[in-house]
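Chain naming follows the written order as A, B, C and D, and within any one chain the residues start at number 1.
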């Protein structure tokens, strides 16, 4: 912890960065919230513990945050992968942000100034679903088609179309989301069953092979819809079909963009 | 369990209006003349200069424009719009005989009665002539009540000028002073009007501020540079009027979209004097 | 303010026979925006086209829908008619109520209703059509011909002889293909090599032809008139400039027992070899898999004996890049191989051979110098059984198609055998005889009547060995399915023609479609037989379907003429069906967010980057930009774009949505 | 009007059944995961009153997330006709609202009933009976007392139930609508005796002076830095507005096919960047700080001026639901401080 605070102070004092995005204590003992540290002495307020789960990479593309100047960001492996995925989609340039990589156990902090370093860093941590996530997903998979349909219908029925899932997702960075494209109106805007279903399916498809599984969408959903199950499922699909795992490299290919002669064509019937 | 329904009208239900005439004013800009499909509604309907309405292209939604025709011309309303988004594209695809929705009139009005006996200067830019056309015709139809009428109108190019026939008509009238201008480069070889930006043309035309009212409508940049000119000419902010065009959905002070601070543009406006505008938070 | 005219064609009885055309017209008049609707017997006729032109002028139409046949047939006709009347041709659309409706349904209310739906859908599209201008693109007047068999040779020579450059690529060390392997050709029985080799020499001597043998296409990018081909020249281990083709090397090569591909395994070759004596180029290549030096690091005999020091063991594969305007695919076929006929014992019994192997046995340049001797012991066979349709027309085995040439070559084989072995017995098991072609039927009759070949109508169920003797078990269906057993010395299977190895991969590289059997698909089975679905890529010979030599040559000349047609103008006009990235009001400028996944997905490399700059030159945003010259309008980027910032002109998302919503 | 009775907790099942038998739809908090949501319930067993506060508010009873304003049919050649049916929303009992939610109706009504009455809201409200349950516990996000409410506040409720023992609720029957519910099963209601609700109510501390706030926030209006700092963490998701019991902003959208269509009104949020975007590309509130300011100013300043009341009932939902833990009370305190200082 002190190591992190020292690094942050150092970076700010030296003027290497103008702001560091990290975590500070939240409303209660169970929550952490984002901190935008701009003065070396503000580093004292930083925390790093199991509460700190939000994928702070979502802030890197926010115009107001970009205005703060050059940024450093406290990143667990998932956030680090997010940054690489954003880089592979041309949303971040090499050297644009300094990553303070936090090891999976939350103890060690390393300064990663280049994508190459970041790639090495994430390469050491296995990506993919946790055992619990696999169990949860298997539960949905284990349902009959009818049960699964009923399950998702009842989940989506509660959706109020607040788009918190989109706002919280660091990979949802479009300046105009498809749901806001109204010529043609791709997705009904209204939060009725049809509109909700279309929205969530399209959102999941747009994240297929890109989702870093940070879980921020599900956490953000005020209605408690387990949205990450959808993107997790598609991540598994992309991996099985194309060997694609998001966030491994800054120049990574996007499975849905690439044609390879050995691509599986099982979906063509 | 049944409960009696009250008689509160559905404020979101538009009148059904038939398009009687379509005029293409400029590229992408059209004027519709609309008549009520229900004569009873036509009978009851009144409005005043400056008011706006919500126009529906059924299936696409509603869009907000001012009423561009004068309340002195009975039996129809006119609107002029530029095709830009989903609704205006839907409207643009309509032709004579088609039915569209009309919800209004909404908002406040220009205080025409209070202006009686005064000179009136209209300054408009581009597609902002329509909100003013309503007032212009209202004034011209009651010409005796007002003193000098000056119309200063500019557009980017000659093609972008709207109401070309009416501009010719006003130009021909001895009791109207019309000055038209286009931005440099926007002229055609046979262009007889001025070449230059609206603020400069206003300065050159120098209408007297004495006993005068100015009505200014146009893009924000035009307004920004025209106001100091008018001020230099001696116009006081409370004698300069404009209409604000914030985004709206309901038009009746519910949807929360057009609010500028505590002000509902749909209810307290759209007509404001610049004295009033100055008091608004800068969110319009 | 759309003013749409709808023109419903009866197509004689083709449409009017099942669709109530006047009713279609009547229903159109209820659709908002339709100001004129009319039906006519033949809309594509002169008077029909005049109706369209007159209506455009009279009703000031802003869009035209012609409800008729497939747009592949008459879209150009009606678009031209519209253009003549002053309407942008891209404001004209065809609603296909023939192939999509009248031809596939019975006469009924529902059929008419479907026709109405189809036309209404197109009316809604046309309402949203925009005026478009054709795009002109320059043409690189060099052709790439893939495959140096008779098809590729013919196409290359035709093009080169018209004064255009040709790059001819052949996978094997020599051109010539299968035709160079054949003995005599039906129905004239003239020697295949005698007519083939002059053509091969002509290729070698033609100044306009650049020949790359032992080479393969690595990739093809670009589009009609402007392709970029990468060709992999495989390491030959021989310097082509230094080698004189003297042959010392292969005479000295100690590895002599390698089965010769040219002789279909019936003869042998050395590790450094030329496939056959008349090979073009007549320069050897080292087969690294079998070369002692490459396998064990010792030998280098060839290097020692080479008088010109042309042996280069360290030669690497080389990639050459060529700009070409058109491509002719002429990669030929393969014969169905072992394993397919366990019941016939192919691969198990040495004396069960394929037709192509028989060609080598019968060829003067073959391993037996033209004597028919069976592979097992070199004995001249006294009884030869030919099995037609070995693999072909056998849906159970997955090859339902007819290989087309087997009837003829089997007759030829039997005939050649009989000519050399007058006392021998030749049996042909056949399903039926397909001898359509000039002098073909006569040829078969000659085999039966003059040469005494025994034709047995029936299938062979099994071939097995009994006491060192091959027994062919079949049935004669003309004799009521009488079982038949023939003791044979040699069995020749008329094996099916199948796509050559790697055909699928090649088709994918070329972005052309192929059928279930990996044969390359033509653009239209009747009217565009030498074009593929990719503009600028043409097809000739057996890579498209089984065919014989004259047909192959004719198709090759056809493909060449298509190439020449393309090369006849300095530029070609393309339909403006291209993708565009949107522009919106500032401060957004474009909804493109610059993820450039489209750039990666574009199969034509048509997507680049564009900087949007402020007045002071500061880069505000980098967005995708479509190069209209390169874009082929495939729509991949449109489908991929998450923010829906790319649209396909002529098939915009809005148009497609309008079509769907009109149903 | 107000009348105080006692009702046994186990009698609620009976009351619930009677209410349902009377044809009324019942909305009540239903547990899902760690949260509770207002949903239609068909048996009392589904009702869960354990939560300090439901995640979603009960405003959906009077202002659904999606509602048809009109339906139309397309005729020949561009003709349009209305497909009219009388608007008869279901007669509804919202059971288990907290007093803060009950108070929110007044704020909603202020918007929907000023100048041009909104039929849809008013008809629904007229058919809705609110049976609230006083708060015996509160959490750190609750601040009803700071905005004029309280854990046992009766405003807006038709009946307010306060648990006064393990077995009994004190029932304050506040309106005719409340009486009508009692009339369904009067036998369940006993005389109140001397039971008092105050000792049983949660203690919610006053966190800021709302009158001071109303004066101080406008002072800060033009201090962009303050608002930027306040909203730096804001993701611009609409969650706060969507869970808010008083947020009334909406969008109107058409959905149609070839035969006809429907004009829908659905919830919207001033926090969205597109909320005020003009077609020209101009956006009066083009950065998130302006949109955050709008939300705060609207609730604590404009509402007071225009509607004569606050646009906030202190339920704390926005703070609880915010995915990035923006805490409204903290922000308000900070703003008050800024206002005071400058």
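Basically, a contact is a pair of C-beta atoms (placed from the backbone, for glycine too) under 8 Å apart; a residue touches a chain by one contact, two chains touch by 3 or more.
As the structure is a computational prediction, the values presented were derived from the model and not from experiment.
Chains that touch both chain B and chain D are the following: A, C.
The innermost chain, defined by the distance from its C-alpha mean to the mean of all protein C-alpha atoms, is A. When the C-beta pairs in contact are tallied for A-B and for A-D, the bigger tally goes to A-D.
Put simply, the C-alpha centre of chain A and that of chain C have 46 angstrom between them. In whole angstrom, the spacing between the mean C-alpha positions of chain A and chain D is 32.
Averaging C-alpha coordinates per chain places the centre of chain C 68 Å away from that of chain D.
The residues of chain C that reach two or more other chains are 32, 584, 588, listed in rising order. Residues of chain B in contact with at least two other chains: 85, 94-95, 98. Each of the following residues of chain D touches two or more other chains: 77-78, 251, 253, 279-280, 282. Judged by the touch criterion defined above, the protein chains are all mutually in contact, each touching every other.
Here chain B touches chain A in the complex through residues 85-86, 89, going by the rule given at the top.
By the touch criterion given at the top, residues 32-33, 35, 37, 55-56, 65-66, 140-141, 228, 231-233, 235-239, 241-243, 251, 253, 255, 264, 266-267, 269, 272, 274, 287-289, 319, 321, 323-327, 330 of chain D touch chain A in their complex.
Put simply, chain A touches chain D in their complex at residues 26-28, 31-34, 36, 54, 58-59, 62-65, 158, 160-164, 166-168, 180, 188-192, 195, 216, 219-220, 222-224.
Residue ranges of chain D in contact with chain B, taken from their complex: 22-24, 69-70, 72, 74, 77-82, 86-88, 91, 111-112, 114-120, 122-123, 126-127, 221, 248-254, 256, 261, 263, 265, 268, 270, 275-280, 282, 284-285, 290, 294, 297-298, 301-302, 305-306. Across the interface of their complex, chain D is touched by residues 29-32, 584-588, 661-663 of chain C.
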